[in-house]
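These are the structures, in structure tokens.
Shared between the two complexes below is subunit A, which has subunit B as its partner in the first and subunit C in the second.
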Partner chain A sequence: MRMKYMIDRRAFMGLTAAAGMAAGVLAMAPTARAAEDATTDIVLGGSIPLTGVFAFAGEGIHAGIQDYVQIVNDAGGIEGRMLKYVPEDTAYKVDASVAAFNKITSQYHTNLYYGDSTAFSKTINPELERAGTMIMAGASFASELNDPEKYPLQFIPGPDYTEMIGILLKYIAKEKPGAKVAFVHSDTEFGRDPIAKGTEQASALGLDVVETIVTPPGSVDVSTEVLKLRRARPDYTIFHGYVLAPIPEFITQAKQMGMESKFMGTFWSMDNSMVMKMGEAGDGFMGVMPYNYYYDTSGDAPMLAKIREIRPEYQSTAYMQGFLTTMLMTEAIKRTLQDGKELTGANMKAALNSIRDFDTGGIIGVPISIPGNSIPVGRIYKADMAEKKMIPASDWISLGKTGE
Partner chain B sequence: MDWLFLTEVSLAGIGAGGLYALTGLAFVLIYKATRVVNLAIGEILMVGAYVFFGFSAGLALPFWLAAPGTLLVSGLLGAGIERTLIRPMLGENPISIFMLTIGLGSILVGLVELVWGANPLRLPEFMPTQPLFLGEAYVSPKVATAFAVASLVVTAFLILFRFWRGGVALRATASDQAAAYSMGIDVPKVFSLSWVIACMTAGAAGMLVGAIGGISPTMGVFGLSVLVVVIVGGLDSVLGALIAGLAIGLLEALAGAFLGGEYKTLTTFSLLVLVLMVRPHGLFGTHEIERL
Partner chain C sequence: MRIGTAKTSYLADEALFDTAVQRRWMVALLAALVLFPLFAGPYWLYLGCLVAINVASATGLNILTGFTGLVSLGQAAFMGVGAYTVAWLEINLGTPFLLNLIIGGCSASLIGMVVGAPSLRVKGLYLAIATIAASVILHFLFANWTAVTGGASGLTMPPATFFGTPLDQPGKLYWVIMPITVLMVLGAANLFRTRVGRAFIAVRDRDISAEVLGIPLLRTKLTSFALSSFYAGVAGGMWAYFFRVITPESFPLVMSIFFLAAIIVGGMGTILGGILGATFMTMVPEALKLIVGGLSPWLPDAVALLSPVRTIVFGALIVGFLIFEPRGLAEAWRRLRRFFHLWPFKT
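== the complex of A and B ==
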């Protein structure tokens, strides 16, 4: 027996009309949203790690972005358009960061985005390119991201990790030619990032890498590793892939064994408040920092003065990173609009790359250029525990494109 | 062969193993009495470290007040958790209780972040800082102190379980709850006591771990690495926690020194797999036979 599905003419017409309306609404929605936003706010979305393992940085980044957005808007916005910051907490989890990205970009016509990790930057890159409507930066200084061909719409607001090591090695080669260097890094993607290229750079600079020590993530006691370091007797020991632990215990034990190595770190272990927590062990700790510290009053630094006016208490280097990222993004938008171009990802990135000898108001102590995806500039600082401050130990050091 | 280096590495490994053994003890005490695998031990350890930080850095109390204060708060925390969260769940599916302890860990991390923030911190120095040399071999004074404390505590527990009434009651409860009830043992009180003592032990371990590696809301991860120790040693064996702790500490140190730091975890987990294949209940755990 054959079943007959009957539909009368009236029902058919009704269904067709409903489907047509739905299709029309769906088709018009993005156009309507884009048209509306083109005359209103410029949206900076953010996957921000306000909780979780990276919250110490997330809080600073969040405050830095907030403050620069406020400064821009108080000054009338960018070409008359206000900057709107839309953050979401991610707890430093990639799935949460992607969910935040999807939520924000579906609710707003997003022009700018701040990502919280290397993993997120890599994960979201195809989507970023597919959308083609925004540029992105973030908390990651991963060397892999410093490739304009693979990551055409992203940038790093400072030197990448390999360039940071390059700046440290350049300093060492000048201070003590032929010095013995050891790397100590965590067994994470973050920790491993610059080691292979850093070893090559050291050889090119005539330095001798005598030991590379790996510590498992979350390791508490590092006695074995310090014993290995003592055998190698390096003149300089460079830590990478840590924030605080296990650096203080490492240095303490090394000094107890009579080692005279100088200890150095990269960006995430160089915040003033973190180094000061090292106590006695931190005295003389050195490292590379692409930004001036909050309290720096030397030179012409109106932006640092402004920050101190907004927030009288110390702000971290993560704050400076968030602040500068927003400043550079704003500059890219401004240049794109001034050129009369549409705010596409490609146009904004081209505008960003047009930045030459740009004055950051003292956030970075020298004028900067962004020819590619990074700003290969930094300075060596040294901890002075009596002053409770990181004190400059070198002038600003700029690297060529190859990091040499 | 550099014998001095080997000796120093071995001493460092055994020292670190003491910390594993102490934290493992907290797992064992709870499992032995209540058959609950408490995955929040790492976070309780972390709370202990922060409470000590609060007393010693926040309130600037001397060590002799801050340390007992930390143990007291840790014990009260254990009593509170047992009475409000665990006891109502007894008799439920073990997976439910297991999941509850995972959730409890997240809550504790959140509470610590609310009170102290998410930044890593350093505990005020309370351990000896003078370098220690056994002959020519260097031993980190902090690790040596932690090892001494851990050895004392574990030995004390081994003695208590054998001779103290409460310890015997705990062993009886672990062996057969119904029989323990019939002999007049207050089993709920034993449950509570095991949580109190285990959390105090975790609090003490938190002070030691924090003094060496610093404190942060994520330091509870240390508890997970200790889970391997107690599985190898046997979840219900105090002696197993001690021996497995020392053995894994030594193994990790040797692997780190001669193979590289990236092989530490691989070596530990290889040992875990090997032990589970040969003795699924751990080296010293009770082999339970279910009769139908």
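== the complex of A and C ==
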């Protein structure tokens, strides 16, 4: 007997057309809601990579923003005004991110925006300046964005990549003066970002950059590169521009060859769950972190306690990034409103730059200031595979404005 | 109901739009395109421009793959050549944007011909691999020819200007991008009424027979590559003016796959297929986002919960079209038209 309800071409086309019409109808709904909210709510729009290659971070960022917005609203909002978070998935594609920006800003009077990539931050900058109504931060720590003249309405919720390398080098110079350093970076804009300036910083600190190795992002076969690294015999090897691969493979092969170099990473390769995926090879892996980890209990950290109360399971470093970004944006709004000023991009950025010795509730272990577009503070952590945790290997390290 | 189309001359027989109804619909479509910016908000204007750019590039790929039968996965790289050329000209020489777009198209066209040279010896999957290899080389140049391309951080360019007015908004750029795309699509449609276009089709259908009939294979294939790459170059140039930041990661291989998928879903070997396919591939993810967003009042955090589902639905829709409409959306459109030809007497 034939299946009576088997889908045929006509049914498929009908369903597709119906879905199209539903999309049209639903597209109208947010406009009506926007009109209701425009006068009271403070809107934080977000181009969030909830799918695609960066989804591992996007999910954490989304949760971090959501939670801080909830905390603010539960406490009565900012000067009585509620914070409204409007996210859109971008799949980490620039065209989709710009589409999300246009969609959100045309539906809501947007005051704050979270962007998902360096390319998006650069692309949207002229529009941000033209509109002049919002400030923006995002997932990018690109050094290029750390220029208040070129990017007057943006900021980086942590040190930029050059500053991250600077923090690592400062630590190395203190631990082992005159040490030999090697850079291993991906062949991407992200990977190349801090290398030239990092090499200069190393020289200034009396360190010797003995090798710079470039690989494709996520490459698998790195045996040639490991041989090159072994010949250079660095005391420290700094990876940048990767999330995970090929770092574990590099370390495993290097250790098998008897290398005693200490391996280090930057923010996006420092998530605890990611590092633990390295297995035994990752023991002793070090890197720079701008934030405390979810499980950190040292010092006075009420916000970390609050996060653990809201979400009892481990939250990623991306979560902390989203959480802190929202906290700083909220603080900028609060200061602007308290000064009786209009919520323009320039006023909010000035308010953000007025932040001095600000207590983040333990998200960052020291009071922070934002004189420019970044927060040049970080701490070195080291992987302890027995405890399955990243543990502090240094105190908090602050850089000067120039990253020197 | 239409019962027939009487033609009294060869000219009428060759006309692009051969019935009065078709001509009236075309006028209505053009009027809609002209009136669109007057009613649409920034989001829809942005999408309108993006669809137009993708239609221009997909039409170019359709000339090569759909009409000439040469599979290419280098379309994004050719767009990159056009984009970098336009950006370099705009930044360093400040030449008029229309001239820049033409030069961008020509430079992509030259590169396209070089890449197309192996097409005389290889075809099908082998040619696809050859074009992937070419796009890898081009991406290497984009990332490492720092003096011209700005290296890994790319180029940031000023907006196009028209008599001193900066075209820095989708609403302004629409008046540049949409007319150019319409002209390119009309040009492609007319191409297949000429000797050159028919030679492309002959090569696609049976290249040996075409050669026996006196069609020079190498010249025809290279012409097809050149034309296709020209379209890609101009589309890349428009992309550059639209986003104004060009990096080596702006035109990845997956973008070439996007265009190939667009013409397959739309219908290979038909001009309408390129238009419908590019529109479908650009708009369906956005439409699905609207559905997900619309569910937010009833489903808290619908964006996070349903985004992965949305990706699966988009993939399933493409598979669905390939199964239920293997000749593409253009064929579905033709069937719809035939239905109305006989309506209301036969449904």
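What we mean here is this: the second predicted complex is superposed on the first by the 364 of 404 C-alpha atoms of A that agree within 3 Å, B and C clash if a C-alpha of one lies under 4 Å from a C-alpha of the other, contacts with A are read in each partner's own complex, and residues count from 1 in each chain.
Basically, a residue touches a chain if its C-beta (ideal position, glycine included) is under 8 Å from a C-beta of that chain, and two chains touch if they have at least 3 such contacts.
Note that the structure is predicted; figures quoted are calculated from it, not measured.
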If you stack the two complexes on chain A, which partner ends up touching A:216: first (subunit B), second (subunit C), both, or neither? first
Just checking: does A:126 make contact with subunit B only, subunit C only, both, or neither of them? Give me first, second, both or neither. second
According to the stated criteria, A:187 is in contact with first (subunit B), second (subunit C), both, or neither; which is it? both
Which of the two partners, first being subunit B and second being subunit C, lies in contact with A:225: first, second, both, or neither? first
Once the structures are superposed on A, label A:94 by its partner contacts, choosing first (subunit B), second (subunit C), both or neither. second
Answer with first, second, both or neither: which of subunit B and subunit C does A:102 touch in the superposed model? second
Greater residue coverage of subunit A in the superposed arrangement, subunit B or subunit C: C
Given the touch rule stated above, what does A:59 touch, subunit B (first), subunit C (second), both, or neither? both
Touching A:249 in the superposition: subunit B (first), subunit C (second), both, neither? first
Is A:51 in contact with subunit B, with subunit C, with both, or with neither (first, second, both, neither)? both
Residues on subunit A in contact with subunit B in one complex and with subunit C in the other? 51, 55, 59, 187
Give every residue of subunit C touching subunit A within the complex, in rising order. 41-43, 46-47, 50, 143, 151-154, 156, 159, 168, 170, 243-245, 247-250, 285-295, 297, 301, 303-304, 307-308, 310-311, 317, 320, 324-325, 332
Applying the document's contact rule, which stretches of subunit A touch subunit B when the two form their complex? 51-53, 55-56, 58-59, 187, 213-221, 223-228, 231, 243-246, 248-249, 252-253, 256-257, 273-274, 277-279
Spell out the residues on subunit A that touch subunit C in their complex, using ranges where they run on. 8-9, 12-13, 16, 19-20, 22-27, 29-30, 33, 48, 50-51, 55, 59, 62, 66, 87-89, 91, 94-96, 98-99, 102-103, 105-107, 119, 122-123, 126, 130, 144, 187-189, 191-193
Partner subunit A, residues of subunit B touching it in the complex: 5, 8-9, 12-13, 15-16, 19, 110, 113, 117-122, 125, 129, 131, 138-143, 209, 212-214, 216-219, 221-222, 225, 252-253, 256-257, 260-262, 264-265
